[in-house]
Every structure is written in structure tokens, then in C-alpha cells.
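The following pair of complexes shares a single chain, subunit A, combined with subunit B in the former and subunit C in the latter.
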Partner chain A sequence: MLKKIAIDQFSELVKALLEQGLLYAPVKGTDGVNFRAIQNPADVTLDYYNTVLSPKAVFFPQSEDLIRYRIKKDTPEAQPVPLENRPAVILGVRPCDVRSFEIMDRHFLGAGVIDPYWKSKRDSTTVIGFAFDVNAAADPADFYNTFGYGAADPEGSDVFMIRADGNLLLRGMTDRGEKLLASLGCLQAGDARDEKAFDETVKKGKAVRTRSAEINDKEIAKKLVDIFDNGEFWQKVTMACIACGACTFVCPTCYCFDISDETLFKEGARKRFWDACTFTDFTLEASGHNPRPRIFQRYRQKVCHKYSYHVDKYGCISCVGCGRCIRSCPVNIDIFGIVVEAGKL
Partner chain B sequence: MTAFKKIEDNLRKEAKSLLESGKVTLVLAYAGGFDEKHPVPYVAKAAADADRLVFNEYCTHNMARYLTRYPKGTRIAVAVKGADSRAVVQLIQEGKVRRDDLVILGIPAAGMKNQKTGEIIDTRTTGSAINPVIHDILLGDEIHGVKAGSPYDVLAELEGMDKDARWAFWKKEFEKCIRCYACRKACPMCYCDPCFMDASRPRWADKSPTGDGTLMYHLTRFYHLAGRCIDCGECSRACPVDIPLYLFHKEVAKECEVMFGQAAGMNIEDKPAMANYKGEDSDQMLGS
Partner chain C sequence: MENPYIPMPMNVVQITTEVDTNDIKTFRLTFVNPEDEKKFKYLPGQFGELSIFGKGESPIGIASSPTDPGYVEFTVQRTGTLVGGLVTTALHDLEEGAQIGLRGPLGNSWPIDFLAGKNVVVVGGGFAFTTLRSLINYMIHPENRKRFGDITVVYGARTPGLLLYKDEMAAWQKRKDLVMHVTVDRGDANWKGREGFVPTVCKEVAPSAKNAVTVICGPPIMIKFTLPVFFDLGFSRENILTSLEMRMKCGIGKCGRCNVGNKYVCKDGPVFSLAQLEQLPRDY
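Moving on to the complex of A and B:
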């Protein structure tokens, strides 16, 4: 079904969504625009290109308590933290980022062991995708065309939203999405003209050009293994890397985490939190040995994990071309350029 | 205004001749990135590499940051703008880099731009040094007559706040921190290996991004850079979530300058303020 609401009535839609449960939506702050749990409907903005941080934190928070404990005289008292499965909606996810959820699902749900923390939040959350502005140029860092995504692809979203002539048009893409739309009294039914406008926007989105290259999953996966020992290449393309974690933390498909017990006086929690393969201590072993002491080795791991090992293990590249890692890199390293160059070796 | 093209031409010419003659084995400068706004720090190792070098208003990175990667005795030419040159001086003062190993390619540069915002980088986010404080070869004409305010003017607003308001300001800013450590990694003076934040025995701060751990990280870093921060502003530009770290660094730098009469990295003959004792040093910090 297709529904619509005037853009100047947008806060009514936000209010209606808030009544259903948790709502994550883009909010402008001094850190740029990012997804936040909404308290005040007026905080939500539709005026952004893409968020600085990816939407992954909705399902995979940067830090999450797994167990909380209190240290008693004889034995510690520990309680697992109940899984969060309140109904939630995430509003305003760009098409390339929507695809990142499917890639993350393969790891968190399809690897033989189901990750309950990811699953509970993913299962209870409805995704409202939001088309890029199809009349504007893509950011120069973006390369999502490489993976066949358009600027207004509705696939993967439960509900997909576009802007057209002062209205927001919302189409249900899944049963869950249809159900959500049906429950929102503030929406009007779309007519044939709206249907046409929606379809035309999707089509126009296909014509928005990002950087793009022919990258075949299997071929690049093999190529990267073949050139693994080409130290000269890896050192050349990573010479600027300063080994911070910005690229992995803003990435929608980086899922590595660390687990640590953090105690203050007698109380604490076992937490899991994002880790980055670019950090010096990522592979540091208890013995003191570090198999990847050098920056080029760690950046190579990042590229190979995304474009090679992930293909072998889960059947797809773990990158959606959103351009965040490139925009956030303090030294302007361009993973797209590196992978293209590797492909030519 | 800065003649970027001329500087780029000179940079290539000097890099080529230094590498050809064997006077240096490395030239630390910039190469083109995926577009003009995104140049990349680059290490030229052979004369042929010199043709890849670029210089434009987006070459904001502090190349002194890469100096401590190489063992002493490595002959390096390094391209430095005003604040970057102060980092070189400070590193020499601290014994991390030897003056004799370096050929300093000075770049007088005004009108550098923040690639994210397009704003001209002025004394607000970086220091007032437009001309390098030290150089062997100057790649452009020194710039005079550009009115540079005090690098500390920007502090007025923060200094006008009472203690509680300042605390609230920083607490809010640190809540944004994602602990990617881009700030310390972009910093030319953050060369500790390992950084105290990476130590596990003892662990000085939570590894997860909790408020306490984040505060511990930033405050320790701020104070460890007291009298050492050369005000290049790279930490703030590196930050993906735009925490104005430069404000804290400037505040500490200002206090150091007032108390000890020297700014970091201005004079190769100076000793680092925190590693030096003079009879007339201020004892202001012991009062009140």
C-alpha cells in the first residue's frame, strides 16, 4: 500500500511512531546528523545527506552490558541483562545502509550461532528506508553503485519513504511494513499519481551516479589472497594510515567487538563494545606477541576481511559503498581506490 | 594570498633534487587523493615519486606526525606549514627527532581550508603561525601583513562560563566521543608507545566508551600535552564527531605560556616547559 503525508505535517508522523514504541531517527547535533532515540518529535530532521555514524548502533550499540555483577565476600552475584525486544522503528535509513543490515544478518544470524543481542533488536525493529535526493549529486566519496544499489532502491526496507512535491510518500515493502502503515492514522491513502511519482523516483534513483567499478565478489576475493604477500603494494596504499579506528566505527558493516569486565568498587558489568582491526592492540596476545604489529598489516586485514574473507564465509562483500569511512578518515584514505587498484594487479 | 601552485612546483622540484642527490631518503609531503579536496599524506621515496606531490589549501595534515615512525639517522625532508614547523621544533626539543637528520621544507600558508566544512582555518581552530618558525628551504614567499589574532581569543566564551557551565559543556562534548582515538593518532606529539589507554596491566581507564573512561582519556591527554601542544588543530579536524578539542589544548597552552613565558615549539634552544626548572617560574598553580 502507498500512503502519504505533507512534509509540513512530518512531526505528526513522528508523534504517531513514538506512540508505538522506541523511535530512532536522524537528529542534528554538534556531531553532525546521527540516529538517536527520539524523545521530542521536533528533534527529527530530514535535512541531511547521510548520517556521520551508521545506523548499526541501533542493533549493535557501541557498548552493551551482557552481565551485571556485584562482588560479594565469598561469591560474586551475577545476572544476565535481559534482551531488549521492545517494538522499535528506525526512520530515515538510506538505501545503501538498509543493505548493510542484510550483510550483518549473515554474520550475526547465519553463522551457525545466533547472536541473541543482535537478533532481539533486529526482530523487534521496523526499518523505514528513505531515498537520497534523486535530483542532487551523490557525495564524491560514495561508491554504492558498485554494488548495484540505486539512490532510491526500496528493497530491504519494511517501509520505504520518498519526498515528492511537498509530500512524503511511504510504501509498505513487507508485511511488517504494511502493518505499521495501516496503524498510522495520520497518513492519507496515496492515489495513482502518487504511485507514479514513487515509481519514477525509484527509477530516477538508478540514474544518480556514484563512483563505480566492476568488482566481482569471487574474483576480488581470490585476488586479495593472491596479493596478500605483496608488501610493497600494501605499504604503498596504507602509508598515510595513522591506525585510528574512525573508519571501522563509522562503518555500517564492521562488526568486530571486544568483551571486558569493567568494575567500579564492588559492582560492574561484562560489556561488549566495538573494536577496530586498525588498533595496535587488536591482535595483541597475552604473551606479548602481536601477529599484526604493523599498520599495513592491520589495514590489509580490514580490506581482506571485507572483500575476501567475507565473500568466502558469507557469500558477499561486506561493504555497501556508503562512503563513511572515506569521509571520516583523518588522512583521506580511499578504500574504493585501494580495492580497484588491487583488482588490477 | 598563498601561491599554492608555486609552492607545489617548488615542492616537486626540491623533493626531486633532494632524492636524486641522496641528501634524503624520504620526503614527507602530500599526494593527490580521490579528488582535489582530499589530498593524502605521502612519503616520496624516489625521484620519480616527486611528480605525485601536490600542495593546495586542503593539505591541512601535520606531516611532523609521521617523523617519529622512522629510526634516528634516517635522512628525511619534511614539508611543514607554520604550526607543523612548531611540531618539528618541539620533537627536536624532546629528543625524538634529530635536527641533523632533517631537511625542513617550509611552507608559508594562509587560507588553508577545513575539507569537511570548507571554512578557512584561522586562529580559531589552530595557532597563529602562518610562516614556519624553522626551515632549510622555503617553498613560497613569507606572508606578511595578514592580520592574525591571538590564538587564545577564541577562549573568551569558555573562560566567561562559571565552573559548572564549563563542566556541563565538556561533559556534553565528551558524550559524543566514540573512542576511535583519531585525535591522539593525528597528533604529532602523541608518540607514546604504548599509549596509557592501550595498557592492560594496570588498566588506567575503561576500554568501553563509558563517561568515566572517556573523561580519563581526554583529560590525561590534555594534560600530557601541556606545554607541548603546538596548536595545529589536527586533533579536532580528525575527530569524526567534531569535538572541539582545540579549545582545551589552547586553554592549557595559554596557562603554560603565562606561567612559564614560552609557547611550545617556537625556539629550538628552549627546553620543554614541563621538563625545565627556572628560579623565576610561576608558583601560581600552588596558590588559590
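Moving on to the complex of A and C:
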């Protein structure tokens, strides 16, 4: 079904969503626009190109308590933190980022072990995708066309939202999305003209051009392993890297994490935190041995993991071309350029 | 939903100091909950995440054999270095009667079915002998012994005081169905056994490659010089097995830390054949 609401009534939609449970939506802060848990409907903005941080934090928070404990002399008291499974909505996810959830699902729900923290939040969350402005140029860093994604592709979202004239049009893409739309009294039914506007926006979105290259999953996967030992290439393309890890933190498909105990006096929590394969001590062993002591080795791991190992293991490249790592890099390293150049070797 | 991040509570029932430098101890653990014990089905070569709340977790190979039910043993070296050592230091400070956590069993194992029917040459160096001990005890168990051919063991340490499982080794040396070659780099006044590096001893012992597999664990330098000896003896790359070391956190193939090529060492390994290792990027 297609529903609509006037853009100036947008806060009514936000209010209605808040009544249903948790809501994550873009909020403008001093650190740019990012997804936040919403308390006040007025905080939500639709005025953004894309968020600085990816939406992955909704399912995979930067820091997440796994177990809370109390230290006693011999027998510690420990309680697993209950899994978050309250109904939630994430509103305003760009089409390329929606695809990142499917890629992360293959990892967190696949390979024979289900990650319960990812699964419970994913299962209880409805995704409302939001088209880029199809009348504006894509950010020069973006390269999502490479993976065949358009600026207004509704696939993968439960509900997909576009702007048309003075309205927001919302189409249910899954049963869950349809149910959500049916429950929101503030929405009006869309008419044939709205249907047409929606379809035209999706079509126009396909014509929005980002950087793009012919990258075949299997070919690049093999190529990167073949040039693994080409130190000259890897050192050249990563010479400027300062191993700050920003690219991995903003990335919607980087999932490496650390597990660590944080204790204050007698009480504490075992937590997991985002980690980055580009950090110096990521692979530093207790013996002092570090298989990747140099920055080029660690950046190589990042590229090979996304474009080679992930293809072998899960059947797809672990990148959606959102361009965040490129926009966030303090030294202008461009993973797209590196992969294209590697493909030519 | 099963939560693979939650450790089982374990009682520390016995702590044995293995070496004269006092930095390697064996911890015998029993299950607090009988249902955990029923679920804990493991094979030699697997590992567990030992856990002390407030300190963290450490992935450690299982040193006991499933043929000895009722407990699980881990031999742990204290790594009091700048890069960590929080958990191992806390473990070493424990007294019998304490309670700790365990997640596991994790990883693949020594390929028991592949080893069955073959002669097995076990080569170990120093502290890396723990899961090899598990394998040996598994193979020589009365119910299993006839499944395997000749068993040859070469085990070396730098000094006599650094040899692990001394009582058990002494018992093994008396057995007729197991050939033991224990060596030290440098003996002391009381040492009556063999002196020499592990690769040299392997060369002298010269086990036949016919229908044989070798299982090698030790410091990188030992492995580096031992491999050519086995190549010369005619062992194929498929029949040379080792257990890979890589920093780990989750132990279940999710956290990404031990990723090498398209493998997660914690889940696809830690046991690999040399043929498999040669398919991976040299990134470990």
C-alpha cells in the first residue's frame, strides 16, 4: 500500500512512530547528522545527505553490555544483560545503507553461529528507507552504482519513503512494513498520482550517477589474493594512512569488535566495542608477535576482507559504496580508487 | 536463543605448577552445573575461553582428553607483558576452590578420523604441548588405541625444568605402544636424557612417512626448522598438521580479529594442514 503525509505534518508521523516503541532517526548535532534514539519528535531532521556514522549502531551499538557482574572473593555474581527486543523503527535509511543490513546479516546470522544481540534487535526493528534527492547530484565520494544500487531503490526496506512535491510518500515493501503503515492513523491513502510519482522517483533514482566501475565479485576476490604479496602496491596506496580507524567506525559493514571488562569498584560489565583492523594492536599477541605491525598490512587486511575474504565466505562484497570512509578519511584515502587500481594489476 | 557469549561457571579444583619458572600452571576445572557438563563434548585440539569477570577472557587450548571425563584441564602461561596478561595473571593468582568462567569447546580439533588407521608422529616444543597432550591421552586410551598405528612423540623444552606434565611423561615412557623422545636444548646436572633441538631429534628419529601423519606444535622457530626435516622424510603437505596461533576475542567467528584470508582461525581452525596454510595469505 502507498500512504502519504504532508511534509509539514512530518512531526505527526514521528509522534505516531514513537507511540509504537523505540524510534531511531536522523538528528542534527554538533557532530553532524546521525541516527539517535528519539525522545523529542522535533529533533528529527530530514535535511541531510547521509548520516556521518552508518545506521549499523542501531543493531550493533558502538558499546554494548553483554554481562553485568559483581566481583566477590571466590564466586562472582554475573547476569547476562537481557536482549533488546522492544519493537523499534529506524527511519530515514538511505538505499545503499539498507543493503548493508543484508550483508551484515550474512555474517551475524550466518556461518553456523547466530549472534543473539544482532538478531534480537534486527528482528524487532522495522526499517523505513528514504530515497536520496533524485534531482540532486550524488556526493562525489559515493560509488553505490558500482553495486547496482540506485538513489531511490526501495528493495530491502520494510517501508520506503520518498519526497514528492509537498508530501512524503511511504510504500510498504514487506508484510511488516505494510502492518506498520496500516497502524499509523496520521497517514492518508495515496492516490494514482502518488503511485506514479513514487514509481517515477524510483526510476529517476536509477539515473542518478555515482562513481562506478565494473567490479566482478569473484574476479576481484581472486585478484586481491593474487596481489597480496605486492608490497609495493599496498605501500603506495596506503602511504598517507595514519591508522586512525575512522573509515571502519563510519562503515556500515565493518563489524570487528573487541570484548572487554569494565569495572568500577566491585561492579562492572563485560562489553563489546567496535574495533578496527587498522589499529596497531588489533592482532598483537600476548607473546609480542604481531602479524600486521605495519599500516599497509592492516589497510590491506581491510580491503581484502571486504572485497575478497567476505566474497569467499559469504558470497558478496562487504561494501555498499556509501562513500562514508572516503568523506571521513583525514588523508583522503579512497577505497574505491584502490580497488579499481588493484583490478588493473 | 542460545547465547554463545555467556560463560559457564566452573570450579577450580586443582592447580598444578608445571615448570620451575612457576609461570606455567595447569588448572583442573569441574562444572558447577551438570547440564553444562553434558553439553560440553570436545575433541583434542579444541580450545576454550577462560573468563574472570573484571579481567576478561583468554582463549586457551584444552589440555585434558575427553577420555578422562568429569573435568577439563587448561595449561596456562602467565604473560605479564605490556600487551596484556590480565587474565593469565589473575588465573595464576587463583587458589583452589575459586570459581571462573568457561566458554567452549571452540574451534575444530585434531582430525581424529583422518588420523585413525595411520601412524602418528607428534612433535611438540615447550609450552605448545598442551593440546598434543590431549591428543596423546586420547589416542592411548584403551578404547581408542587400536584405531591408530604407531605413535611416536618428540617433545622438547629449553631446559629440564621447563618440561610439562613430567609425571605423565614418565608413565608414557614406560609404555610399549608409544615411543617417546624427550629432549632438552640444554641439560643440567641431573638430566640423564637426550640433549638437542627438536628438529635435530626428529632427523635422528627419522619416522617413516609411510601411512603417517605428523602433528607439530611449537614456537615458530622450531616449526621453521622442523618442517624441512619432514619434507625430506617424504611427508606430504596434507599430512603435516599444526595449530595456528592468532589473537582472538569472541572465539565463535564473529569479532573478526583472527581473520586470515577467508578463514577465521577460531572457527575454521585452529588446526590446519600445511597444504591448507599454504592457500592462505602469509598474514599470521
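One rule holds in what follows: the second predicted complex is superposed on the first by the 345 of 345 C-alpha atoms of A that agree within 3 Å, B and C clash if a C-alpha of one lies under 4 Å from a C-alpha of the other, contacts with A are read in each partner's own complex, and residues count from 1 in each chain.
Definition applied: contacts are C-beta pairs under 8 Å (C-beta built on N, C-alpha and C of every residue); 3 or more make two chains touch, one makes a residue touch a chain.
These numbers come from a predicted model, not from an experiment.
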If subunit A is used to align the two complexes, do subunit B and subunit C fit next to each other or clash? fit
Please work out whether A:78 is in contact with subunit B alone, subunit C alone, both, or neither, and reply first, second, both or neither. second
Which partner does A:271 reach: the first (subunit B), the second (subunit C), both, or neither? first
Just checking: does A:258 make contact with subunit B only, subunit C only, both, or neither of them? Give me first, second, both or neither. both
Of the partners subunit B and subunit C, which touch A:66 in the superposed model: first, second, both, neither? second
Now for A:233: first (subunit B), second (subunit C), both, or neither, which partner does it touch? neither
Touched partner set for A:279, first subunit B, second subunit C, both or neither: first
With the two structures laid over each other on chain A, which partner does A:336 touch: subunit B (first), subunit C (second), both, or neither? first
Looking only at subunit A, is it subunit B or subunit C that touches more of its residues? C
A:301 in the overlay: touching subunit B, subunit C, both, or neither? Say first, second, both or neither. second
Could you work out the angle between subunit B and subunit C as seen from subunit A, using CA centres and rounding to the nearest 10 degrees? 90
Taking the superposed arrangement, what is the smallest distance in Å from a C-alpha atom of subunit B to one of subunit C? 5
Taking the two structures together, which residues of subunit A meet both subunit B and subunit C? 258, 260, 281
Going by the contact rule set out above, which residues of subunit B touch subunit A in the complex? 33-35, 37-43, 61, 65, 115-116, 173, 176, 178-182, 184-186, 194, 198, 200, 206-210, 212, 234, 237-238, 240-243
In the complex of these two chains, what residues of subunit A are touching subunit B? 29-32, 52-53, 62-63, 140-141, 211, 239-240, 242-246, 248-250, 258, 260, 262, 264, 271, 273-274, 276, 279-281, 326-328, 330-334, 336-337
Listed in rising order, the residues of subunit C that touch subunit A in the complex are 1-7, 9, 53-57, 79, 81, 83-85, 88, 97-99, 101, 220, 245-247, 249-250, 252-257, 259-262, 264, 267, 281-284
Contact set on subunit A toward subunit C in their complex: 66-67, 69, 71, 74-76, 78, 80, 83, 107-108, 111-117, 119-120, 225, 228-229, 255-261, 263, 268, 270, 272, 275, 277, 281-289, 291-292, 297, 301, 304-305, 308-309, 312-313
